[in-house]
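Pasting the structures in now, so scroll down.
One chain, chain A, links the two complexes that follow: it is found with chain B in the first and with chain C in the second.
After this line comes the complex of A and B, so read on.
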């Protein structure tokens, strides 16, 4: 009948296990991955992260004359693959997980990029920063080809090729 | 005469709702609603209800029927098959009714956001429900894949007004 009393010494030995969160620091280990942080100073807008992102939480869209890298935390699965693949090391994985909000639009982060337009057709194709980056890394590209969109560049190359044949 | 009667009725309803909202804060009963989740978030929800995290500190208690619940712990991307059942469960809840959308499936649809078999998260379901005339008094979105037990507690605490939400929309120039 008093069999259950044997729990009492065990309970007194263990004490209280309940944690006091949110009035206490959360248990976050070293390997924990939370929301990502994009450094706008380092980001060039190449879009490598948008291609690797499994749920497409990172997207690159063109809105008029600005290119926008949109990060939606609500869709992020916190895999950290974007941080691994970023060529500029602009993305870092933080330990932030207290992201709850009553409005979905608070979960978006936008990064604006200035866009480069084609000197012939006027179409915008890459961000200005990415163009500068490529120009600084590869020295033997003539500047007039750098200002062309891929379609116009192809046409110009063909024109030059035909001109050389004649 | 009838119009006057209905308007006073709605005013009474509103004051009753306000009273209920102020009273609900210390004793919120939750109903666990799985809408096609992978069970990752459901395990975290169970974790929250264990003595280790012990949400009964805030008066949160799990109930078996939506008719007894104030808050639905909604997990999963709301598949087409479950949409009608979600509607039924939420409309069975008495006013004021709240929803805690847990996990990146419920918030944004996760990797299934453009799939043919899901509607892509609770925000899209909310649009359908508001069209159908189902009123929901408060929604809190808890991102995470799966959402940590602490994140769920934080979401519940923000819903109860114990904490202020940190996330804000940001637009930065590169």
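After this line comes the complex of A and C, so read on.
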């Protein structure tokens, strides 16, 4: 027998290996990492995820009086580093991969946070939630210090220090 | 360079170094020391011997190395260290296979005169390294022809991207495509230019070979490449240590894990980070799974090029099981994303191990059948045997790596010669063939699939308990580290000079960089019809990058279109 004809019984036995996607359950395993989901209730807007995100799919921007955590799935590489990093465990990795769309805006998810403004210069500096979080963790910071932006806080501390010297 | 740590012993004071097993390295060091005041210091650490030399004696030393057997040029890193010591520095990394040691020759070039004598007439493998260092850092190599290799021809003169004074946003502004002038010449205000090619018909990646033919025979071949240089090394200098593995993994779409492993190993080597054993085993397991899928892919493509598409289909059918297994173990079919400096991010358990064993048994059985059948197809056999011959002498002269080298009888494998991850804990063979033809390179890969399956049985059986990454580590600036991995295509080597927050200099060398110069040799006197398979027989891998640049001829301006805008507006974004 011509040896290469042996492929025929193999092919017959194997049958069709392609599946009827999407009419059949897609074959992703239980380990699969897809798009991420940010829980707005848990997120405090600290920005840790934006600093670790390798492709910069997560960004934190300030628009007026709102701090926006923007997730652009078009840049996401589905590594899940954000979920590993998030101190509040607000980010979870889903199995979602059917993300194609005709409208690029469908690829953005925004989470809005109210911001805290400095009681002296009026500049916005952190999200209210993060401020509250820090205040609840560190009990001995006076509330007037908590309301100052880092610049003004430094100036005030220096003033107090010089005052104490005099 | 900040050094003289206690770990870095002077070679004369290090008793353990004087053992017979490293006698060749010892001889080399003693010979180099005979250059006396032209040699400024010798340091040794973890299989790396660093020798600081005066630039004048480099050709003499390389000439001396050329007379010895079993030494080859692994990579060369040029680095801008003007803000540290006012010099540019070149690191020539030579490997001594049998003694698991890298010899690094370090030559400093003063910033006012960054020139050094070429060594390309002594070691042909250094050709591209010198041209790239000239392109990217402006190093002058004397007594040779220097031409643009990596940068496009319309990149401005005297702008050297890897110099520290340029950041990435500056560099984008410097680029002025010649397309503007070309278009004006032909008066093409309203003509749309659509570039087609150059692509390899099998691998869909940008490469260009000019074949000179007489009748049906190839007389000579010329390679033109680097069409989509991505500047990844520069990009890595601006990223945090733990972000770079994800960038490194995207250097190759088929064997990305070797790059992230290699990068992590280089950092771990530079900073003396002790990776837990369990993490080393997981890295080895994933690396071997990657090799199996890559070789199955290649076998499929090769059969397709030979017109045997049935074999192609079945090879990829078997491969699909391996892809699903990779996803089960890492969370992703490809670009697994589980490497970080100091370990890995995903653990494996007994359930995953038993599923992996099932897949391996399936692949072993099915692939054996397929290989038997495919090789027996008369046309396949006839076109593999005796075509694209690469003699051993050429393989040695060009410092070739991987299956390309092993198909020509050059027995070189990083897994055995420079053990990393968990390879020291298992036993394995390195398949080599001496014929040097396309069949030999094919059989090396076929044998390696079975060898990898065998290695995986051992690795999965022996995974030790413990954590999968170090708890924390501290970066320390200006430490040199080398990490190398045997990729499916050959040896990958990353050299790193650490910085405070990011790598100070990160040098990547993929196997195709080393192996491509062999293709013109294989093609010489070959039949034209055998050229596609011969080119594919080194399993080439190029940067594949899609991007859009819009050139406004009237205003002479250029802009790059970000993916967000392109996907939103499509062609309108370009108009």
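The definition used in the following text is that the second predicted complex is superposed on the first by the 158 of 166 C-alpha atoms of A that agree within 3 Å, B and C clash if a C-alpha of one lies under 4 Å from a C-alpha of the other, contacts with A are read in each partner's own complex, and residues count from 1 in each chain.
Definition applied: contacts are C-beta pairs under 8 Å (C-beta built on N, C-alpha and C of every residue); 3 or more make two chains touch, one makes a residue touch a chain.
Since the model is a prediction, treat every value here as computed from it, not as a measurement.
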| item | value |
| --- | --- |
| Which of chain B and chain C A:137 touches, first, second, both or neither | neither |
| Touched partner set for A:13, first chain B, second chain C, both or neither | neither |
| Chain B versus chain C as contact partner of A:100, first or second or both or neither | first |
| Partner chain(s) touched by A:84 [first = chain B, second = chain C, both, neither] | second |
| First (chain B), second (chain C), both or neither touched by A:4 | second |
| Partner chain in contact with A:22 - chain B first, chain C second, else both or neither | first |
| First (chain B), second (chain C), both or neither touched by A:45 | first |
| Between chain B and chain C, more extensive residue contact with chain A | B |
| Which superposed partner A:109 touches (first chain B, second chain C, both, neither) | first |
| On chain A, the residue positions that both chain B and chain C contact, one per complex | 17, 27, 54-55, 72, 74-75, 77-78, 103-105 |
| Residue ranges of chain B in contact with chain A within the complex | 51-54, 57, 104, 107-111, 113, 121, 123, 138-145, 148, 150-151, 153-155, 157-159, 162-163, 165-174 |
| Touching residues on chain C, where the partner in the complex is chain A | 239-240, 242-243, 246-247, 250, 310-311, 314, 317, 320, 324, 327-332, 335, 337, 345-346, 369-370, 372-374, 376-378, 563-564, 567-568 |
| Residue ranges of chain A touching chain C (in the complex, touch as defined) | 3-4, 6-7, 10-11, 14, 17, 27-33, 51-55, 72, 74-75, 77-81, 84, 103-105 |
| Chain A residues touching chain B - in the complex, by the definition given at the top | 17-19, 21-22, 26-27, 35, 38, 40-41, 43-45, 54-57, 69, 72-78, 97-114, 127, 129 |
